[in-house]
Amino acid sequence: MSDYILYPGCSMETGARAYYDSLKAISKPIGLNLKEIDDWNCCGATEYFGISKTPAYALIARNLALASEQSNGTRSVVAPCSACYLNLAKADYYMREQPKFGRSINEALAAGKLSYTPGSLEIHHLLDVIIYDIGLDVVEKNVVRPLKGLRVVPYLGCMVPRPDYDHRWSDHEFPVELDMLLKTLGAEVVDYPLKTECCGGHMTQISPPTAFEMIRRLIALADEREADVMTTVCPMCQLNIDGYQGEMNHFFGTNYHMPILFFTQLMGLAFGIEPKELGFGLELVSARNVLDAIGVQAPPETPPAPPKRPRKQEGLPMPSPLIKPQVEALKKVVTK
Amino acid sequence: MTNSFEPTIIGFTCNWCSYRAADLAGTARIKYPPNVRLIRLMCSGRLDPTFVFKALANGADGVMITGCHPGECHYIEQNYKALRRFQLMRRTLQGFGIEPARIRLVWASAAEGARFASEVSSFIEEVRALGPLHWGKNDNVSSALTEAPIKKEEVPA
Amino acid sequence: MTANLIENTSPADGRERIGVYVCHCGTNIAGVVDVVQVADWAAKQLKHRGVVIAREYKFMCSSLGQELIEKDIKELGLNRVIVAACSPHLHEKTFRTACANAGLNPFLCEMVSIREQVSWVHTDKAAATAKAKAMISGGVERVRHQVPLEPMTVPIDPTTLVVGGGIAGIQSALEIADAGFHVYLVEREPSIGGHMAQFDKTFPTLDCSACILTPKMFSVGSHPNITLLTWSEVEKVEGYVGNFTVTIRKKARKIDEELCTGCGICQEKCPKKVIDNVYEAGLGYRKAVYTPFPQAIPNRPVVDVDNCTYYEKGTCKACEIFCPTKAIVFDQQDKILNVKVGNIILATGYELFDARRMPNYGYGRLPNVFTSLEIERLTNAAGPTNGNIVLRDGKTTPKAVGIIHCVGSRDKNFNNYCSVICCMQSLKFAHIIHERTGATIYNFYIDIRAAFKDYDEFYQRVLEEGTLFVRGKVAEVSDVPRTESEKGKLIIQVEDTLVGKQRRIPVDMVVLSAGLEPRKDTREVAKTFGISCSVNGWFIEKHPKLDPIATMTEGIFIAGCAQGPKDIPASVAQGAAAAARVLSRIEQKQMALEPVRASVIEEKCSGCRICNGLCPFNAITFHEDRMVTEINPALCQGCGTCVAACPAGAITGTGFSNDQIMAQIEGLLMLNVDQEPVAA
Amino acid sequence: MTDAQLVSSSSDPDSKQDEDLTLLKEVAARTAGISNLEMCIQCGTCGGSCPSAADMDHTPRRLFAMLRAGLREDALKSNTPWICVSCYHCVVRCPQNIHITDVMYTLKGMAIEAKLCQDSTAPDFSQTFIGMVEEFGRSFEMGLASAHYLKHFPLRLPSMLPMGMGMLSKKRMNLTPTRIKHMKQLKAILKRAKELEAVQ
């Protein structure tokens, strides 16, 4: 069992309950032992920075301080929410980068008899932990119900691979971690260039047209590339694409139906866990089709190969330099 | 100058890398405190430990030894010898009851003017923190090493 | 060749008459250091250390400044000179010559660097002035213990080694060979020509690259004074200026170059196609036995053993069967050559920035994104498409093309320098592609850098042709359409900074003007030749302005892009310049070296042999019979490691003797920083 | 803002904008981390990368140019920081490593201080959000949503209804806020932090 301090973040208990339920369901089989920080508080999302710097970072730092207080041994904090992950990492990084800033934050914490030593904790996103600590081999061992033939969009959103202060991800714009996880689950990964484009974030609350356009771009591409479902690593992305899909359709007069699930839900599904344990049905855009796809146990034939690139079909006379260096790099790490 | 303690540092540089780095710091106008005074050797391998003790005995509060990065020595591998001697000198200093931190070994390539400057600055601060080294004033080790023909008093500034 | 001491003056015998000369260097020094006070102080306070005169002067290095010194030497009978000015790396020669002119042994002149080490790096005037004094006092002590030396002279072997057969190396080799001296030209690839051989046209005149290059290549190949070693690499360099011994590995071509006539039948018959990642930049194929291109020099193929079927399966041998002169030698082995040369010119060139490192530009992911080198091949009549500019499908002609500047250059995430050639190269592409396809051309630039002769005129011309310029560093190239008009296109997303709006411009083809990078193995090469690399990995020149051709290591010169990004004219100029430097050396037949050498005082040597293992140049030999160690001055490079190691103090290092350095330490420490009262 | 306005505003005798050359430094100083703001070479990578640039009155690049020019009022009036979605695309692509997103946060704060926000939607949202957090230590979507929508998007409610109901019925939104145990402690920390911010 590998131990981690868990910072769930507000939405895990409300908007992203499905994420929390499915996380709990899968953590045992993959040997992920999570200890929730006692009395953690909201990370302030992207809202507090714009109001006042020091309080914003102090708010985040309180969680870091609590975490290191309660850590007993383990140094790794894991956050399933992208915004939470980034905020924790950001606070830690800036306190490190600018000791003076670090001191003023600690001065604020002192008012609550707390303190945090920058760099003393390692902040990880859940996906990072599953890929690099647990390892895909462990995940593979647990797959009893491969997601055969299910066309899944690997959608990460922005805040996991960027700005990536500690260089954890294979790339800022085209990371392959989620793709590899989905492949391990037996799913058919859709080539999705927008995988780290923004979902609109809080724009749904501030400038809906802006947000709807961004949501549309994402769903339109998923739809055009004949995806059955999108998968995400972030409650905000899930909320925007799932919750606001209806309003977006209404706004553009479109009629998309593109379910989006948390990657942990798909893991659970592949692990043979009961859908209801995984928070299925909590999504507003029903993911019934996913269950059907899996429920129908196709005879053991090889799943359709991913579509060849058009050039290939035209019998390209010129070789083209198609390599994903980061994949190579990644394979080394993962198959450790 | 303020009445706070201003350490005197002797720096040994190698003709090919670190001396060029010092030149580069100059041409790039990168500022560092004036407490360091450099001596040019052909190679850090030329550094006879006696030089270091001599410098400390004669009133230096710290000595900085600089040379090419390992593997980049103009004379192939002589900076490794400097490295070994450096370890030795630290132990010897300890034996004398002097903080080994008063000597620092720095690798700086001909391109690393900025690095040279920052290393000098940080070393000066480190020595400043250690305070003055009164070798020769009140201890006997020095006599062995200081048969200096010149007494400072001779030269009123 | 020896460093013979003149015995009549024993160091620091109290008979030293020292002159101290403090330079203002305009305001460079005088602006921070109170030079007048320093000179005055030296005259008064260092009198008893043998200083008889101290002067300050605006520019010591000026002829007037030098005359000042010469005059004093003659009239005041100075026998030691201290010049407190800039770094000895700049003007040591100048002042030594001045001393020599006045009949003083040049090595009795010592420089103190109060510019690079004082005025340029310190701001506190009082402290700077104090430090200048301390350094001069150190210099004085050191020079007192300096002894007259006779410069060692080494003969210059008239043969030269040129490494790299690109345009710079070719130029160097030809200049020297034409002057009647022998040159070894070593090239890693099977043919000389370098990157220039891959280009189609050259800016700004647009004359055909091959047309101007191949004649030069040919004369290299046929020159009686040039030994051309292609498919070869330098493995080891020993010795010193005038007298290097270079070990070269001549990789097995698997071809008997004498028997081979270059008829090319082997290439025709070879059944194995291989992607040509070097010459065709990955766009075309070659055989497993090949000459990179038709005009290759030498016109001798190479068997690519990694891809040849024979070496995989032991069968095939098509080439051997069909070769009319039986020139194929499958079991041919690498040859190791040792050549003696007097000087070396490094012209090892550059590598193209790997555009895959910027995934937002899609190279390697989006088929119709090309690199500049690929476009060179694509536009080249001898290229994989015979000069037809088409998309990667091999047939479609692009209607709109976007050319992106500064790919991997001027970017702290990749290379934080300007690659110099990309702007002009991009303008060239704009012209050629428009001319051949009539396509609409966009150029995306941060700044147009069209310096140098006729370059900006070319920019004007490309403007005239209707090329659309968008000022902005492209953010991303995408294949995800947002509108009908974007469907099936590559969309270039960029802020048009002159409009202040984000634009999405659909094109069919994207050209990445990738920057220039040092070759991957530059640092190893630098190590082999005993020179160093800049932070960005280019070879460091001796002086960025006054000597961009020599290196800190005597006898090693650099030319072309190995020293930094530059275009063809600049590479040619530098190649020729390096040749000129070598020729002047050769003509002098011998050169004076710093007589900085170690020597053993036999009577002091106890024969402990501690020094014996220390010399990397094998200059130290032990005489069993006399039980003493001897140092061969010819091999000694003067590092002084043995001097430092000798427990008996039996080894002396001229120019850096223990006495001198001990004295300098004392001198430097005669004044403490905090004891120095603030100057008025 | 068109160039014409630029000229008129700076030619306006009352306008001190074009003299305020400390602005850039001030913004850099107030930004967390090392902003590198002064390093901008105006290449436009940020404006090109921005997914919401279309709705910004100035691209980030242009905004930075305005900061350099000392056009305080125009810069702080800009909606750009409020339209920024914090996707960090510009940050990772910027050739000068400028912490653009954090600069945007700084500008928001300065705009609120200077009462120069043209549209109150975004500032209000942040304020309400933070209000909840400062009250309960957790965010409270229901309270936030109701308060925010009623004030700013009353007309949106119909089209929002299905979602709202969905979220409620599926218990993805709580009707009552959760409060952390040591609210006192958090309040003390924030109080101290605000004092510290004030003295900066």
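Should a chain be cited, it is by its letter among A, B, C and D, assigned in written order, with residues numbered from 1 in that chain.
Please note the rule applied: a contact is a pair of C-beta atoms (placed from the backbone, for glycine too) under 8 Å apart; a residue touches a chain by one contact, two chains touch by 3 or more.
As the structure is a computational prediction, the values presented were derived from the model and not from experiment.
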Interchain centroid distance [CA atoms averaged], subunit A/subunit B, Å: 53
Intercentroid distance (Cα basis), subunit D paired with subunit A, Å: 24
Distance from the mean Cα position of subunit C to that of subunit B, given in whole angstrom: 31
Where subunit A touches two or more other chains, by residue: 173
Touching two or more other chains - residue numbers and ranges from subunit C: 360, 476
Category of the chain touch graph - line, ring, star, complete, other: other
Pairwise chain contacts, counting only pairs that touch as defined: A-C, A-D, B-C, C-D
Sites on subunit A touched by subunit D in the complex: 10-11, 13-17, 39-42, 44-55, 57-59, 62, 93-94, 97-98, 101, 104-105, 107-114, 158-159, 162-164, 172-173, 197-198, 200-203, 205-210, 213-214, 243-244, 246-247, 250-251, 281-282, 284
In the complex with subunit C, residue positions of subunit A that touch it: 171, 173-174, 193-194, 217, 221, 309-311, 314, 316-325
Residues of subunit C touching subunit A in the complex: 275, 282-285, 356-357, 359-360, 363-365, 367, 384-385, 392-395, 476, 478-480, 482
Of subunit B, residues touching subunit C in the complex: 1, 5-8, 10, 16-17, 19-20, 22-23, 25-27, 29-35, 37-43, 45-51, 54-55, 58-60, 68, 71-72, 74-78, 81, 85, 109-112, 117, 148-150, 152, 154-157
Touching residues on subunit D, where the partner in the complex is subunit A: 30-34, 51-52, 54-55, 81-83, 85-89, 91-92, 101-102, 104-106, 108-109, 112, 121-123, 125-127, 129-130, 133, 137-139, 141, 148, 153, 156, 159-160, 162-163, 166-167, 170-174, 178, 180-182, 185-186, 188-194, 196-197, 200
